[in-house]
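Labels A, B, C, D and E are assigned to the chains in the order they are written; within every chain, residues are numbered from 1.
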Amino acid sequence: MTLLRANDLTKRFVSRGPLGAKTAFTAVDRVSFDVRLGETLAVVGESGSGKSTTARMIAKLLEPSEGTLEFEGEDVTRAKGAALARFRGNVQVVFQDPFSSLNPRHTVERILMAPLLYQGIAPDGGRRAHAKELMERVGLDPDHSLRYPAQFSGGQAQRIGIARALAVNPKLVICDEAVSALDVSVQAQVIELLRRLQRESGFSYVFIAHDLAVVRQIAQRVAVMSEGRIVELGTTAQVFGDPKDEYTRTLLAAIPRIDPEWERRRRERV
Amino acid sequence: GGGAPSPGAGASTAEPATGGTVHVLANADFSHLDPARGFDGGVNNFYRLIYRGLTTFGAGPGAEGTKIVPDLATDTGTPSDDAKTWTFTLKDGLFFEDGTPIDSEAVKFGFSRAFDPEAGIGSPYGRMLLDAPKDYKGPYLSGDLGTIETPDDKTVVIHLRKSFPDFPSALAQPVFVPFPKGTGAGAAFDSKPIASGPYKVASYQRNASLKLVRNPHWKRETDDVRAARPDAFQWTFGLDAATIDERLLAGQGADADAIGPSIQAATVARVQAPQFKARTLSGLGGCTTYMSLNTTKKHLGDVRVRQAINHAVNKDTVVAALGGSSLALKGTAIQPPTIAGRVEYDPYPYDVNKAKALLAEAGKAGGFSLTLDTRPVPKMQAVAVAIQEALKQVNIDVTINNIDTSTFYEVIGTPAQQHDAAITGWCPDWASGATFLPPLFDGRSITAKGNANLAQLDDKEINERIDEIAAMQDVEAANAAYGELDKEIMKRAPMVPLAYEKVVLVTGSNIAGAYLSDAYSGGIDLISVGLAEPTT
Amino acid sequence: MARYLAGRAAGVVLILFLVCLFTFIIFFTLSPDPAVMICGKTCTPERIDQIRGVLGLDEPFLAQFLGFLLGIFAGRDYGEGANLVHCAAPCLGYSFQTNQSVWDMVVERLPVSATVAIGAAVLWLLIGIVAGLLSAVKEGTWWDRAAMGLALGGSSIPNYVLALALQYVLVVQLQVLPFPQAVAFSDDPALWFQSYLMPWFVLATGYACLYARLTRANVIDTLAENFMRTARSKGLSPALTLRRHALRPALTPITTIFGMDFAALLGGALITETVFGLNGVGKMAADSIAKNDQPVIMAVTLLAAFFVVIGNVVVDLVYTRLDPRVRITAR
Amino acid sequence: MSELLVVEDLTVTFPTTRGPVDVVKDASFAVGRDETVGIVGESGSGKSMTSLAIMGLLPRGATTRGSIRLDGAELLGASPRDLRRLRGDRMSMIFQDPLSSLNPYYTVGLQIEELYRAHRGGTRAAAREVVVDALRQVGLTDPERRAGHYPHQFSGGQRQRVMIAMALVCSPSLLIADEPTTALDVTVQAQILRLLAGLREQSGMGMVFITHDLAVISSIATRVLVMRRGEQVEYGTAEQVFAEPRHAYTRMLLDSIPRIDDPLDEVSA
Amino acid sequence: MTVAAHSQQVAGPPATPPATSGRRVAGALLHDRAAVLSSAFLALIVLMAICAPLISLITGHGPNDFDTAAVNTDLGGVPHGPLGGISADHPLGVEPQNGRDILARIAYGARVSLLIALAATALTTLLGVVLGMLAGFFQGWADQVICRVMDFLMAFPALIFMIAILSSLPQGNRPVLLIVVISVFGWPYLARVVRGQTMTLANREFVEAARASGASTGALVFKEILPNLRSSLIVMTTLAVPGYVGTEAGLSFLGVGVTPPTPSWGQMIASSVGWYAVDPMYFAIPGTFLFLTVLSLTVLGDRLRAAFDSGEAA
């Protein structure tokens, strides 16, 4: 069943030169895809190819220049009021820049309580306890709940962002480079958490990442973007195993690997 | 009190030398340089430097300064038997600043300007006294004023609307200034007047500065009044009152040659220092500060209540509020001490018990409340509070009603708007009861707007007496009669004379020949002042 | 952008019109009759009516208002016969009190107010921003405490008290300055400067205190931003780091205030001009209110309104230039 | 191999309401010329604090102990003036969070240019050219135009590349790169890594490279430092750390690497 | 999740910190000498205002009782004795001219002045913040409307219009009228500053994040952006207090403010101006009270902010 459908989403940015001359730049060009219930759709691609812009549009944070967006079969492109509130309750975002997306004047606790507060949800045991529990889930020390964002490391800030997205039970989480700043062991933990939530609560994910290994682990389907367009869209196995597009092939070829020799020696030692 | 400068004290006795520039530090600019428009003590004093009339006030301290003397005319005029027609002869050798001779035509033209609807907003005596056709609208709109005869260049025959024995006094008003025929249309004189006096305007920047220099066509021998010692006068306008005081006390540089307005209450204590004492002038301002009692109001309709209020007001606290004994004298009579024929008496000494008794008699022992109109000027506020406190003792609850300064006179001058009482003042146009008692207490002069009879006293006896005195041909006798009328009116207690405010001035150390003129609200008589040692 | 500007221009005109209308209504309906004031103490109702006629106050409200507007754009005639004068556009009428052309009065006094405003603005910007910046950099030190205490004290002293006290100390007691005088710059530059020094300082004090505190608060906030760390990592001189990276974000909000304050000052500094006897628009306003001189009140109101409205437009434009993230939206 | 940077017993302490906390404890390592030292480790283990300590840019309140020497000159306790002269010129840093690390009020061109001119002087026009060149090197298309854009107009990866261009513009002898390629796709990442390797060879630049991508570290680092909870758990040559990790944490880390070729469990579509 | 819950949150006080931090903040303030001193002084002033009649009873001088014996009427009414007539009878001296007791007037004046200044500050802050933030946030027609209203109000030379309006309004309750008039003309100043900063902040990513979290516009504006405006607001509001005391003084001085003889600090300061050379205490005493009040408010504001900010660290 389709949870979210994007039809020909297009975004043009108009920037003004020093003399007021306008130049339009098409960051996203007629992008269409759908996300199914309980599925993870990964979006990979060139830096600057429009992944974050697409994510912002499907999260309804950016008005598309063209195209429509459907959520649970309903056209939400112009949703307002109650419809929008419902959409917000169902779709959460993890932002690419961890610090910029955290209010510098709020404590972590307050940041994590925000979605509950704004959506008027009162969990059992209170919001504060819920916030602490979320921190624990993403591997943060709950004792730090009264700290401000600036007092955390990049990876910790990113986990705050993830925890915030999980605070309410959303149907769709859009993760924009959600695990890029995490060390591999924490990353594995977080990915495991995401997958468990998917299994237990049927979350869907739009997962933007550069780490193709992570993508391979978590995604059922993969969309490859380049220069504002989706150049390839298919199941993970299909894209990784038998890439059709030239760009996809370059991408796969460029994945860095640990010297297989070292790898082998390490495994032998164990 | 002991330390207070006595009135008239400190007039600098030294004779001023000829030459130099006298600086005048002033708060506000003159209202108008056009004498048909301007009409207040300060500007009248100034007009004498550049304008001459048929008569003028004498030069000198005290009563000398309120005496009427001839100016352009050879004498103070020859009245007809009924004092309705007056004949004047002009002196020889009189010229305007441009060399035009001052002749009878110029006198007629100057007088007729009072009827111009635009220009004639100054002293009302021209329009009030001169006989003129009913629809006459001044020389610019209606042409010559035929009712003034000019049989020859030197003779002027003036016809009045009614008998007016004191006409020479009225003629000292600046509205009676000659001008060359045809000049002064629009507001021309407000920026470029044509001088007939010893000085002429050299430069004038409105609200900033005014410089007078000698008028070469003025002949000293034609003028017995004006000493005109300095070569020039220089006004600086728009100075803060406190700043003026500071500058005069400091007397730095050109400020040694400066004079200014009356000092602030806060400065009084400072001029007691010996080095300032010699430079301090003090005298009466020639006005009465009073509280009017509106006789048409419910409680104040009863004369006993008004008398009670007169007894209850503690004039000592009023004087304190006005800046203490050096800045004010307790008020007793309606007319201030500078007025000719005024009698010294105190009908209502401070006596709370008597006030209470009178109120009890009137059935108001329980008190009542009263609204007092006043201006939001600190001094007036202080007086209002002093009255409020005083009347509290006799259970009269005073509500102070502040009316913005710009609208104060309009409101209290509109009977429909005025409240029970108001704190205000009155200055005579010249030192006689004629310009004091009739405007304030003639019941027939009550008007719906611009009313001066704030008590709205309309007493047949008083009205008749006013007419009788006005008809008296002997000016001395009339003045004495006004003194008695003062007492008569105070029996009806239509007002509480609060105080006679004094003027205290500090002059620059180089100023000589300065005295306070009783004719000009206690300002330094400008025609006599000069410098002790002019620097060239 | 052009559309935005056109929109704003229309807004300016509309607001000035409304200000005109409101001022007219307030002074027409609420304020006392200026004729009575001119009439003086011995007055008759006929006389008042005559004066009202001369001043044109006997006409109905709408006629007066339209006459006033017409005067501004097309000029108008006053008086009749030999007294007739033509008042060329932009005509603001003639003062009830002095018969002077109000436009001339404004033109004559504006330079004084502008001199006061500009001098004071330079002074307060310099003092306020430098002190605020230093305080922020040295946050928590004795210098910070002293400067901020002083700033607080400075903003608690009313202008008029400061003016008189300063004059007493500097001029009367220490005699380091002369009493302020109205001299033109071309006549005596030294005296001109000395005369304006105290007004500048007095006016600047209150603002400098506010600006110092605001600058400090904003700079402290900015110093905590990550991009300040980047700036420091570049090895720029501390002065440049502060000036470019910390000050710009910190001062952006202050431009709003500055635009408003400065524009308001151009419309006249009532108290300071009065105390120091400066013949500026502020003093003109004070005088005209005291004398209920309606044409002059109208003019000073309009002038002040004009400056403020224009000031606000400029502020908005500058703001969008200063902060690239804020876009002009003309909707 | 002469050592460019020597860090000895570096300890960074933050005061908190629960008493002082050491976020870096006794870290010791060295970077030679023409060498890349990789720092890997747990998120929050003090990697960024270590690099900030080297640059002398720790947040207010933090205190340091130990010794940091660049070319033999002690940096801890050096005068702010001397440090300033080194920063940006001799040593540069690429910060972890590019959006908040760029000043939103200025175009990226100006932000790079001012750094160049502060150390190299020259006219604006000349600096402009250098800037455009640097932007081109990090793979931004149309660098002339992009130099005139504000940070918020860039994508995450583009910002990161701007930061890299900025750090490289003065060809520093020591580059500290804090997760410089996390927001880059693998092709661009490869390009950047090649660029850095080229610089290292050309000018003998030493580099401290912090990343979570162990594959990247294995391909560029000569020595590797593994950190956990502020402590240095392992330090050795890349080969040793990757092939013969001594510490259990390092091993755990290496075992957690997701592998492109064998997904943990294939999910049916 | 209900819509009703949303609107309730908007109406609530902006950005309430977690309750536990309340105790922490209180604790931190108690250990701060400056904060304790400031609170003590403010408490003293409030107490003085409340107990003004008691003070009059003890000293035996009402706020309007003339004491001509305490001043030298021959010298323009300078108080007898040094330091503005400070004596056992008049602990803070007397007014020149009429000898009213300054202590009594300060105490009674505190009622009026503080009421007006604090209420006007509160009202202008409320209006300025709410309208300024809405204008800055929406930037559409709401901005246009609010901005034009602000332009309109600011375009009037405030003093002239306050005089015109106040002098034509019925006497009524003067302090309340003053508060209303001052606030109506005062809020646009703050609102414009707030609007500008809001425009900048509205484009920050954390606002976007909060929007994605489902924040209503009200919540975005008042819970996410407002805390970031705190620094400017604290400065502007604390300085507004002396500003409004000054405005009240000016208006009272011009006769459209508090009706005499009701004392107010502003009036006292205004009328002390002329006496600066002869009786400096007349200005110094009300001036000091005003200064200390403002200082206390500012220090308290600063310390409160610091206490909230410190979070875990410090």
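Rule of thumb we're sticking to: a contact is a pair of C-beta atoms (placed from the backbone, for glycine too) under 8 Å apart; a residue touches a chain by one contact, two chains touch by 3 or more.
Composition by chain, UniProt nomenclature: A, D = ABC transporter ATP-binding protein; C, E = ABC transporter permease.
Nothing here was measured: the structure is a model prediction, and the numbers come from that model.
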item: Chains touching both chain A and chain C, listed by label; value: D, E
item: Closest chain to global C-alpha mean, per-chain Cα centroids; value: C
item: Most contacted chain pair (by C-beta pair count); value: A-D
item: Farthest chain relative to chain D (centres taken as mean CA coordinates); value: B
item: Chain A and chain D, separation of their C-alpha mean positions in angstrom; value: 25
item: Where chain C and chain D are represented by their mean Cα positions, the distance between them in whole Å; value: 53
item: Separation of chain A from chain B, taking each centre as the mean of its C-alpha atoms, in whole Å; value: 89
item: Interface hub residues of chain E, defined as touching at least two other chains; value: 163, 167, 203, 205, 273, 276-277, 312-313
item: Set of chain A residues in contact with two or more other chains; value: 97, 99-100, 104, 150
item: Contacts with 2+ other chains: residues of chain C; value: 31, 164, 168, 226, 252, 289, 323, 325
item: Chain B residues within the chain E interface of the complex; value: 1-4, 241-242, 246, 264-270, 272, 316-317, 319-321, 323-327, 375-378, 381-382, 384-386, 388-389, 400-405, 407
item: Contact set on chain E toward chain C in their complex; value: 139-141, 144, 147-148, 150-152, 154-157, 159-161, 163-165, 167-168, 189, 192-193, 195-197, 199-200, 203, 231-232, 234-236, 239, 242-243, 246, 249-250, 269-270, 272-273, 276-277, 283, 287, 290-291, 294-295, 298
item: Residue ranges of chain B touching chain C (in the complex, touch as defined); value: 28-29, 31-32, 39, 116-118, 121-122, 124, 140-141, 185-187, 190-191, 205-209, 236-240, 242-243, 246-247, 249-250, 252-253, 255, 404-407, 409-411, 413, 426, 439, 447-450, 452
item: In the complex with chain D, residue positions of chain C that touch it; value: 225-227, 229-238, 240, 244-245, 248-249, 252, 322-325
item: Of chain A, residues touching chain E in the complex; value: 56, 59, 61, 82, 85, 88-89, 91-93, 95, 97, 100-107, 109-110, 114-115, 117-121, 128, 144, 146-148, 151, 161, 164, 167-168
